[in-house]
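The next part holds the structures, each set out as structure tokens.
Each of the next two complexes has subunit A plus one more chain, namely subunit B in the first and subunit C in the second.
Take a look at the complex of A and B:
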């Protein structure tokens, strides 16, 4: 049972980001898709990385398989992924073989499956979001990188044409306004203008690298709701990242 | 080891203690009593005759006043913890001596570390001086000058509010300390409520994704 993904660097970013808030994650290999899910111990953040079969160069699961993995172990290996590397992961009963190949050199790693890794069922989140904004990964990455320098809390607010990200901290205040008029927002679908909600900025900062490598991000948000960042990748993969709101 | 087990060991150790001369004349040692999870701890001076006989703190006339002060401020004796800086009765109800307080400090400190109160109310000069000066490292200027204020002190790694006041025994027949004691108990209650409200707020802030899962 194995797969080859054309973009090892994206996998590296996603697993590294996941390892920052969760020790373990689950790989579910289905005949038509694969997804990776993880939730942090305090239940503040959850990630679901969905990759349809078509996004792989090759994908050969013979039956549905669920594998629990240490995100820390995996992250250490995936960090060595190069810009033009492909990633091949092969699953056996007791180990995983990981190969990076840029067409010239192939690097192979083998890690044992650790049966002692704590795992649990992760329930699904089904939230109907009243407000959705579409922005490029680069723009959102820049916005988060600016704001995280100032405070610990990210306040998100918006209306029909703007999405405002701001933070106040010891250093001062930071505010980034993404607007439809200036073309920074690609789309805005807002049913609850004037909403305002806050999140711990650390959890959003964890996701900066995957955000930067994505094509675009759908920011789904609403008063008193978790934020959902839906990252869309060129390959057709999709990453949904949820962070619980802070209530003041 | 859980708190109950640690407390039982401490009680046994205190009951068999021979660290100072007070053990020679006591009837029963008085370790203290109350909730092991109390947020408020009262530390008095020493057991009197009634306490020495009962093996419980504040059961005589001063204890009755303490109970009244607690209940009139909406607090129950069972929800706080009560102990003394010395656990055995000094003969003739004299003040505890410094070496006796220090001999007993091992137990006093162990009790504070076990309960980990957020507020300590010291009753009288000896308790106030021990907590503020000996444990907290700040100067003690006597109860009449120190009372009516809240002192933020780090005790065994935990930030603790210390509120010194008169010993209830001093207020039994004197109206001035009685009035001050009543005022100080109102201060204790207000800090206790503030603390409880902050904890509720902190809990509310910690929303998780489970709140949104089906």
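Take a look at the complex of A and C:
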């Protein structure tokens, strides 16, 4: 049972980011797709990385398989992924073989499957979002990077044409406005204008690298709802990242 | 043999102009955050405390507690050597922080500053030399070891004080060292020392599990006696202290995270030697915060006009960067992790707080924090069901206002304010 993904660097970013809030994650290999899912122990943040069969260079699951992995161990290995590396992961009964190849040199790692890995039960979220904004990964990365140092709460609000990100802390206040008119927002589909909701900024900062490497991000929000960042990657894979709201 | 002289008004350094309390309380003489190439506080402190040699000879005989010093200056070529008081007998307490709580600071200082350190330069990877073998033999011993040190010349420097390390006495260049008595390692230490396939982390945990005191593990760790054969190296004393606190507490926390959550709020308060320690254990998953408030006139805020408050925290998945507050963060984390795992059998969201008052003005080492946190948890906690009740309870007990503490604390500020994703799920996989 194995697969080869063309973008080892994206995998590296996603697993590293996941390791920041969750010790373990689950790989669910299905005949037509692969899911990587994880939730943090306080059940505040959850990630679901979905890769359809077509996004792989090769994908050969023999049967449906679920594997729990230490994100810390995996992240240590994936960190060595180069810009033009392809990633091949092969699963056996007791170990995983990880290969990076840039067409010239192939590096191989083998890690044992640890049966004792503690894992959280991961919920399936099905939330109807009233507001959706589409923005490029670069822009959202820049916005988060510029306001994350100010405070520990990110306030998100918006209307039909703008999405406002604010942070207030000891240092002062920071505000970033992404607007449709100036072309920063690519799309806005808003049914509940005037909403306002807050999140712990740490959890959103964890995702900065995957956000930067994505093509575009769909920001889904609503009053008193978790935020969902849907990252879309060039290969066709998709990452959904949820963070629970704060009660102010 | 040694006398402590206190001189007043000797410093020509305009400290007020150089130091901001906040910077000093973060830096603690190790990172030079003020932009200077030396720490004016340590210089000022050294100039106040001078150690005079009354009578000394080239050859010193004494019982090392055991104690060794591994410096960090010049890394990877560092000063290494034995430390011993010039007296023979049971000197174990000279280097056993686990029993120092309850003793007067003068008593501890007199003992520590009477210990002479003989050093010679060694590359950290040269652990196979005869000299390092002698140092390891000494450091691994369970009981005091009779040692003779031959010093090159009578050149003594000021004693060593630091945020992480306990104080050391004056140092001299070392010509030779001879271990006179037979050191006894004890079975667990012998096992990990002899096992050159065992990783250092696993060796540290094995020693801890066998009941070897943390301070002894730190000493063994620093002389390159643990780990795989090719990885063994000398580790500067101050780094080894924090590394061992970190390794052990990480391992304990892994187990703590699998425990059920605490069912009520527990608050512990301890006052000791112009220090106040407070622990607030809250129901929730493991998260940890360490906050310190240095009052004007205390070690790292000597000339400030207001209290310097700083801290750091970690979420349930731990911390990858070095804590802003340095070694204290890890020493305190070890104390609370031990309590949660071994006594309460519960995981909790932990807020630890320390106030350091005027008069507590020497850097004494992180053992002071570790052992005080351990003692703190030996006391009877106050029990609450609501965080507001806790804040009311602390009012008047802390000198910094409770509102100010909450403002600085990530955990207190955010506790109970985040919902879980479970309330938005339909089904589970």
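Operating definition for what follows: the second predicted complex is superposed on the first by the 246 of 248 C-alpha atoms of A that agree within 3 Å, B and C clash if a C-alpha of one lies under 4 Å from a C-alpha of the other, contacts with A are read in each partner's own complex, and residues count from 1 in each chain.
Just so it is clear, a residue touches a chain if its C-beta (ideal position, glycine included) is under 8 Å from a C-beta of that chain, and two chains touch if they have at least 3 such contacts.
Just so it is clear, the model here is predicted, and its values are computed rather than measured.
**Student:** Superpose on subunit A as described above, then tell me if subunit B and subunit C fit or clash.
**Tutor:** They clash.
**Student:** Per the contact definition in the header, classify A:121: touching subunit B only (first), subunit C only (second), both, or neither.
**Tutor:** second
**Student:** Identify the partner contact of A:23: answer first if only subunit B is touched, second if only subunit C is, both if each is, neither if none is.
**Tutor:** second
**Student:** Which partner does A:245 reach: the first (subunit B), the second (subunit C), both, or neither?
**Tutor:** Both subunit B and subunit C are touched by A:245.
**Student:** Once the structures are superposed on A, label A:108 by its partner contacts, choosing first (subunit B), second (subunit C), both or neither.
**Tutor:** neither
**Student:** A:44 contacts which: subunit B (first), subunit C (second), both, neither?
**Tutor:** Both: A:44 reaches subunit B and subunit C.
**Student:** Just subunit B (first), just subunit C (second), both, or neither: which does A:171 touch?
**Tutor:** Neither: A:171 stays clear of subunit B and subunit C.
**Student:** According to the stated criteria, A:225 is in contact with first (subunit B), second (subunit C), both, or neither; which is it?
**Tutor:** both
**Student:** Mind checking 45-53, 99-107, 153-161 or 171-179? I need the stretch of subunit B that runs into subunit C in the superposition.
**Tutor:** 153-161
**Student:** After overlaying the two complexes on chain A, where does the subunit B footprint on subunit A coincide with the subunit C footprint?
**Tutor:** 39, 42-46, 123-127, 225-226, 242, 244-248
**Student:** Can you check the complex and tell me which residues of subunit A touch subunit B?
**Tutor:** Per the touch definition, subunit A meets subunit B at residues 39, 42-46, 123-127, 225-226, 242, 244-248.
**Student:** Give the list of subunit B residues in touch with subunit A in this complex.
**Tutor:** Per the stated touch rule, the residues are 204-214.
**Student:** Hey, which residues of subunit C end up touching subunit A in the complex?
**Tutor:** So the residues of subunit C in touch with subunit A come to 257-258, 284-287, 315-317, 320, 407, 410, 413-414, 416-429.
**Student:** Taking the touch rule as given, give the residues of subunit A at its contact with subunit C in the complex, in rising order.
**Tutor:** Contact set of subunit A toward subunit C: 19-23, 37, 39-46, 118, 121-127, 152, 170, 200, 202, 225-226, 242, 244-248.
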